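You will see subunit A twice below: alongside subunit B first, and alongside subunit C after that.
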Partner chain A sequence: MLFYSFFKTLVGKQVTVELKNDLEIRGTLVSVDQFLNIKLDDVHVVDEQKYPHMMSVKNCFVRGSVVRYVSLPAQHVDTALLQDAARREAQAGR
Partner chain B sequence: MAEVGTAAIPPEARETTEPLDLVRLSLDERVYVKMRGDRELSGRLHAYDQHMNMVLGDVEEIITVVDVNEQTYEEIVQTVKKQHEMLFVRGDSVILVSPPTRS
Partner chain C sequence: MDNFLPGSASLVDCVDKKLLVILRDSRKLIGWLRSYDQFANLVLQDTVERTYVGDSYGEVYRGIFVIRGENVVLLGEIDKEKEAAAIGMLRQLPVEEIKELHKREMDIKRQTDKARSRVLQERGFSVDGQEQNDQY
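Our next item is the complex of A and B:
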């Protein structure tokens, strides 16, 4: 639940999602669910030369399991809060 | 569940009684992460969960690409480096997490 809550705090921010097939999609985070499925608006592919078929895609749903990374805006991440939450979750999980 | 048998473990060993405790003790430290697809990360660990989903800060990603020359079959190993200021890493691509080396 930690990362589900974390991503909910980032709704409305610009993120870059890198998929396991190396496709990188930049867009505005619209919503996220418990599987870390992600909905993005105003998307554009980082390497449009390589993936021209994605030019017309304006918004999309990404299945959580195909995500490799999500690159985030550091100024919108409270790292102290994250570490506390991770410690608390580690305590609760034992 | 961890309460069972902890009395038998000496205090100095209690801190690393289960594998994930090693990761917990690496919070706010720089860790090395080996990933599927010949990728390596090093960055400051801010959060993790039981799936090894992680958030890392100040990350350097090193991607190893092996090209084979068509004529000579020579293997050319190239590394690509990428920087990310804040990165969520999905746990199913993680192979190992190594804590910082203590000197």
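Our next item is the complex of A and C:
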């Protein structure tokens, strides 16, 4: 739940999702769900030539299970808050 | 997936839209999404399987698909103008030709991947067996 809540704070921001097949998609985070499935708007693929099939796509839904990384703008991340939440979660789990 | 909280990802806005579905075996299916569930299982109608090689592509009509969610990588909403522009830059080839070109491309890819994993293993890196099955 922690990362679901974390991603919800980033809705509306520009993120870059890197999939396990090395495909990188930059777009605006529209929504996220409990499985960390991600919906992006106004997508731009980083290496367009390599992925011609993505040329006709403006918005997409990415299944959480295929995500390797989500790159975020550093200024939108409160690391102290995140650390705090992680600590609380770890203690709750114990 | 379908809770009614704002900012929750849901496929309800994708229903009755023309979508590109990328599968884990690298297939690209284009069809109209009619139904889905919490596992991202999908029902796609009037599906066409499109194969891209270089600056050309080929299509095979497939009809109705029920896709098991675990095989889904990405769903992309097809934008009509972008699609027309994209198709304009590519040439369509008959299916047999595209299949042949695709097969050759995959063979080359398989050889380079094999060589790469051999080199990595020689240097002590482990190659993930599970991910060998995913070709997307």
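In this section, the second predicted complex is superposed on the first by the 94 of 94 C-alpha atoms of A that agree within 3 Å, B and C clash if a C-alpha of one lies under 4 Å from a C-alpha of the other, contacts with A are read in each partner's own complex, and residues count from 1 in each chain.
Criterion: a contact is a pair of C-beta atoms (placed from the backbone, for glycine too) under 8 Å apart; a residue touches a chain by one contact, two chains touch by 3 or more.
All values reported here derive from a predicted model rather than from experimental measurement.
Legend: residue contacts after superposition of the two complexes on their common chain; A:31 is shown touching subunit C, with no touch to subunit B. In the superposition on chain A, A:65 makes contact with both subunit B and subunit C.
In the superposition on chain A, A:20 makes contact with both subunit B and subunit C.
Touch criterion met: A:87 reaches subunit B, while subunit C stays clear of it. By the touch criterion stated above, A:79 is placed in contact with subunit B alone, subunit C being left untouched.
Of the two partner chains placed around the shared chain by superposition, subunit B is the only one that A:6 touches, whereas subunit C remains out of contact. Once both structures are placed on chain A, subunit A residues 20, 65 are touched by subunit B and, in the other complex, by subunit C. Those residues of subunit B lying in contact with subunit A across their complex are 1-2, 18, 20-21, 24, 27-28, 35, 37, 44, 46-50, 53, 55, 57, 84-90, 92-93.
Within the complex formed with subunit C, the residues of subunit A that make contact are 8, 11, 19-21, 30-35, 37-39, 43, 52-63, 65-66.
Contact residues of subunit C toward subunit A in the complex are 1, 3, 7-11, 14, 20, 22, 24, 28, 40, 50, 52, 55, 57, 69-70, 72-79, 82-83, 85-87, 89-90, 131, 134, 136.
Note for the complex: subunit A touches subunit B at residues 2-3, 6-7, 20, 36, 64-65, 67-74, 77, 79, 82-83, 85-87, 89-90, 93-94.
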